[in-house]
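The chains carry the letters A, B, C and D, assigned in the order they are written, with residues numbered from 1 in each.
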Amino acid sequence: MKVSIIGASGYTGVELIRYLSFHKDVEIFQLISRQFSGKKLSSVYPHFTKTPYEDLIFEEEVDLDSGDVYFLCLPHEPSVELVKKLADKGKKVIDLSAAYRIKNKDKYPEYYGFEHRYGELLEKAVYGLPEIFRSDIEKAGVVANPGCYPTATLLALYPVIKEDVIDTDTVVVNALSGISGAGRGMKQQFHYPEAHSNAYAYNPVKHRHIPEMEDIIKRVSGKEIKVRFTPHIIPVSRGMISTVIFETNLKREQLVELYRLEYRYEPFIRIASVPPQIKNVAGSNFCDIYVDLDERTGQAVIISAIDNLGKGASSQAVQNMNIMVGIPEDKYLKDISGSSILFP
Amino acid sequence: MKVSIIGASGYTGVELIRYLSFHKDVEIFQLISRQFSGKKLSSVYPHFTKTPYEDLIFEEEVDLDSGDVYFLCLPHEPSVELVKKLADKGKKVIDLSAAYRIKNKDKYPEYYGFEHRYGELLEKAVYGLPEIFRSDIEKAGVVANPGCYPTATLLALYPVIKEDVIDTDTVVVNALSGISGAGRGMKQQFHYPEAHSNAYAYNPVKHRHIPEMEDIIKRVSGKEIKVRFTPHIIPVSRGMISTVIFETNLKREQLVELYRLEYRYEPFIRIASVPPQIKNVAGSNFCDIYVDLDERTGQAVIISAIDNLGKGASSQAVQNMNIMVGIPEDKYLKDISGSSILFP
Amino acid sequence: MKVSIIGASGYTGVELIRYLSFHKDVEIFQLISRQFSGKKLSSVYPHFTKTPYEDLIFEEEVDLDSGDVYFLCLPHEPSVELVKKLADKGKKVIDLSAAYRIKNKDKYPEYYGFEHRYGELLEKAVYGLPEIFRSDIEKAGVVANPGCYPTATLLALYPVIKEDVIDTDTVVVNALSGISGAGRGMKQQFHYPEAHSNAYAYNPVKHRHIPEMEDIIKRVSGKEIKVRFTPHIIPVSRGMISTVIFETNLKREQLVELYRLEYRYEPFIRIASVPPQIKNVAGSNFCDIYVDLDERTGQAVIISAIDNLGKGASSQAVQNMNIMVGIPEDKYLKDISGSSILFP
Amino acid sequence: MKVSIIGASGYTGVELIRYLSFHKDVEIFQLISRQFSGKKLSSVYPHFTKTPYEDLIFEEEVDLDSGDVYFLCLPHEPSVELVKKLADKGKKVIDLSAAYRIKNKDKYPEYYGFEHRYGELLEKAVYGLPEIFRSDIEKAGVVANPGCYPTATLLALYPVIKEDVIDTDTVVVNALSGISGAGRGMKQQFHYPEAHSNAYAYNPVKHRHIPEMEDIIKRVSGKEIKVRFTPHIIPVSRGMISTVIFETNLKREQLVELYRLEYRYEPFIRIASVPPQIKNVAGSNFCDIYVDLDERTGQAVIISAIDNLGKGASSQAVQNMNIMVGIPEDKYLKDISGSSILFP
């Protein structure tokens, strides 16, 4: 299987290379990076020296014909066009941007600042969260790989929205994210002396991932449930915690059982007996979920942990690829725990 | 003014020494530490070498008579007795434990594991949050210095509970805390290789600071408002963020104005135009507060930041001392931004 | 091939499990840990949940008969006896302690505080640095896996001691180590609030790894060259830099060429064009080496980087195992870059 | 005393503001910053809100006439001219750049890339290391504030170069520096995800601070002693360790006594009984020094620790100011332990 990674030099791209380096059924036939075009992978990222991928060269032009599967790690707007081109050629596409995640294309001008011109393809693209849309992914040509916050949050919510046991029209979500979620581009607040030992909320009322979460909640539950979302930056390289609060009439035991049953055959979801820690999911495709109920307030508290670059991006993209091409879903993904350019 | 610090070798004790080292009206006449009894302060904490406090000696026995003000940095249960003894002698006492924070003494067995024997003194002790109880603190003999989570959260809530504009019976609080909040005692999860780059929620439904917060909310608002509280540990030494969510009928501008007015003369409360960062309050007595309203969900989001060892413990204790003895409240507290044994 | 890990719950043990989890030719048939005897691996280290090793149980008693290869991750003194027992049974043993590293058994009382009773076995044990002793390792029954500082330093020195081009009787070595090198045991200086943002030298004139380094230097060069060694702790979980200074008459180009030639076929040694970074070797078995000469002072500066838990301990142990049993040396070791309980 | 800070928005400038905020004899009458000209200090650095300096405004044009003391925190080349202008007006100048540090002006093209046009002023400028040049600083018009590596290293060497007890023509210096030493400008290697948990040597044979160190060594000892210098970056915001190795005929006790005597009246030098830690000097003007001798190799090992932004830059500049204007040298500098924008 010939695979292309477009936008290969950013964090999600480099993580994809790492995950694919374990994947025996895959050949990376092109790496696209405008910034490093013409350079060897190992000259930009020396940790690839003396590995099988040492001599891969970053290229500028995408070969639209030779590949079987294309991973796009591009900004949102350029992805719109390129996904369309590849879809028109019948290629399998896994897009890590938000370009094809939200069915309602009117959200794009408001949240992403551009008009989306391909409503039909948007309609056909499958949201790549296997635990919810597995059977659609199997048949998909274009998979929109979910955002990191939506992945963590929707996996924390799926059993209760599927069973319709949330008793309010709003869920409160507080999330913590590692700094790699903001990408490789430099910003003053991510300069080490100012980023270490610091933490803060950001985008406290309007974050791009809100319509993505609400859209899926509605598609699963049939109900309009709003997400009151506050993300926070914490001084870790990678990792994400999502703490989700809502009212329910279920008792604690019923709630825990609901999650155990729903996820019992899932290869990458683990129900934890204590609140999950970033260190247990970092560098992997796992999502750990803790389920509890505050009996004093009658509110459920569901806490999930993922690696924002793993289950929140690159390893989930590989999971989607496995499903799309008919390989066992967890193949070459289970025995990976580890890191990359970002670590330690 | 002669001052004693009892339990002086832990983090809050050492921070107190740091804050008092700037305070020209204070003489530390005794440092009590069982663990280091007989040792010089500068032999345990070498950063005091060649400073004015270099030769202070940790002692074992408390001199109950010679001091004007006593700071207690002890575990909760031993504080109960010692505060009583000092109060009986008419001393001014600032207790950094929870021993005298909660008026309802029935909460002690449930949340702290011991029976509280001094209901009368509990009734007379003043909760040491100056922004709410300043006039009581002026006359107090015993001040119960607030917990760090309650300080950050109650300062984020005070204007709206005072004006009674919360429209629900529950507020949702998610908080982030630095590891120093757990004290100097070693635990496996705080061993550097396992603590760095990690984060997680803990005590997700039952934390000791909940009755403390609900008690004050009720005393201010007259209403039973429950606090749905989830604390998280993040890999910073010190600093705390509290993100508070509730429903209100106020508009955004009204809400912001309410906070600006309430806190406009407060020396240590700063209304921030963006969500506050730990780095701006660490090592100081400031509390930075950001006020916003999510118009989609009709919910307010108030975010506060403090240093858990500063406004959340030791510098607030000094602020309380200033008020109790009639010194200008911010004296020698304003020009301190900085660190201690814990830093950098 | 049936493999046993004795002392499996410490950092080097857990890292071994991680490296072996990729190794298709290996079955871990027992994990020994007194501390966690009877517990499931995944209950102590939850990141193993839903992986193939989930159900392994820590045991207390070593089965001396059923295994093919035994990895010992024990304190030095207990290793002496257990290695002897296993060697007497003809088992292949890889000992990660210092118990069989130093040929001169008189060094043990001075540097390790015990008398070594098995001089004959000490003589036969092979020092497990494949780049120097590969052919001996192939035939070895007992391999003494090198210390982390000696690994980094001896790999930085091997070409010049082999070719005898050091012109002084002392080399100056300054090294930086991550905190995991001190193990999982808690100490006050490794409590997160005191360990983060801190750094310091330790054991500035007498470190246990000095006789180990000098012994190998003498065996390779035939000369008594002293190592003037200063290790430093830096606030990283894992990773090690060794900066080695000595006088030589070689020119810069000759020196660089010497290293390139010596290591050109080595699978895990990479000659770097700039000083090596911890992030490029962490979680792997690589050793990156930079070679330079300060023409003003006539002194060579060789800088090496390894992961103290990788090439400095556990992955080097797997490399040794591969050699001992006749598997290609880099099998299942090359495509691993990543982390473990310690990360991120 | 009216004081101006030119280049006030970088790390050394902001640290200067912090140190001067404690200095009761000083009024900051202008802050110069091209980048933030016209902005309030507290809008750029919110931690100054509600402090006495809240309303200071960054200006663009230097007022050369109104000040008594000028601190220059500029790049090297622009400093050359501005120091000259201020000196011609008879102002007291403390220059934190390297523009007037090296007496031999031929070093400037080689190490700094520009010709130095003011040899005469260069000759008159005083090197601002008070422990060596105190009496010159008292009379100086222009003080060249030392670099951070030279400060740490020269204080570690001063007693032995003064007494001429080094027996070789080369000293080996290995140093560790926090990232703030590279300034506030963003670089990819200082982007948090790539900087945290990483460490590496840099400029391993040619660093700009070498001629500065050798120049002072020669002026003190009269001898040409070369410095074989390897600096390393470690993942801390601030702090520096310098480990200095040389041969001597002194015994350990003599060596220790030499340091104790030389520095016994120094207010900011502390002889430590164990290798010094960054955490004990961070945020302060102290330099902690440990003295030892490796009897096996006959080499001394001297280890010093400073805060690169404190004794290595801004607080040393204040110490120099105090000396220049006749204030007690440690005034308002002793009770500061703490941090700033960079912390925690």
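In this section, a residue touches a chain if its C-beta (ideal position, glycine included) is under 8 Å from a C-beta of that chain, and two chains touch if they have at least 3 such contacts.
Remember, predicted model here, so these are calculated numbers, not experimental data.
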item	value
Label of the chain whose CA centroid is most distant from the centroid of subunit B	C
Interchain centroid distance [CA atoms averaged], subunit B/subunit C, Å	46
Gap in Å, rounded to a whole number, between the CA centres of subunit D and subunit C	38
Averaged-CA centre spacing for the pair subunit D and subunit B, given as whole angstrom	37
Multi-chain contact sites of subunit D, meaning residues that touch two or more partners	178, 194, 196-198, 235-239, 277-279, 282, 341-344
Chain-level touch network, classified as line, ring, star, complete or other	complete
In the complex with subunit D, residue positions of subunit C that touch it	170, 172, 174, 176, 194, 197-202, 204-205, 226, 228, 230, 232, 234-237, 239, 241, 243, 245, 275-279, 282, 290, 292-297, 299, 301, 303, 305, 344
Touch list for subunit A against partner subunit C, complex	18, 21-22, 46-47, 49-52, 178, 196-197, 236-239, 267-268, 270, 272, 277-284, 286, 288, 334-344
Subunit B contact footprint on subunit C (complex, rising order)	11, 178-180, 184, 186-188, 190-198, 235, 237-238, 341-344
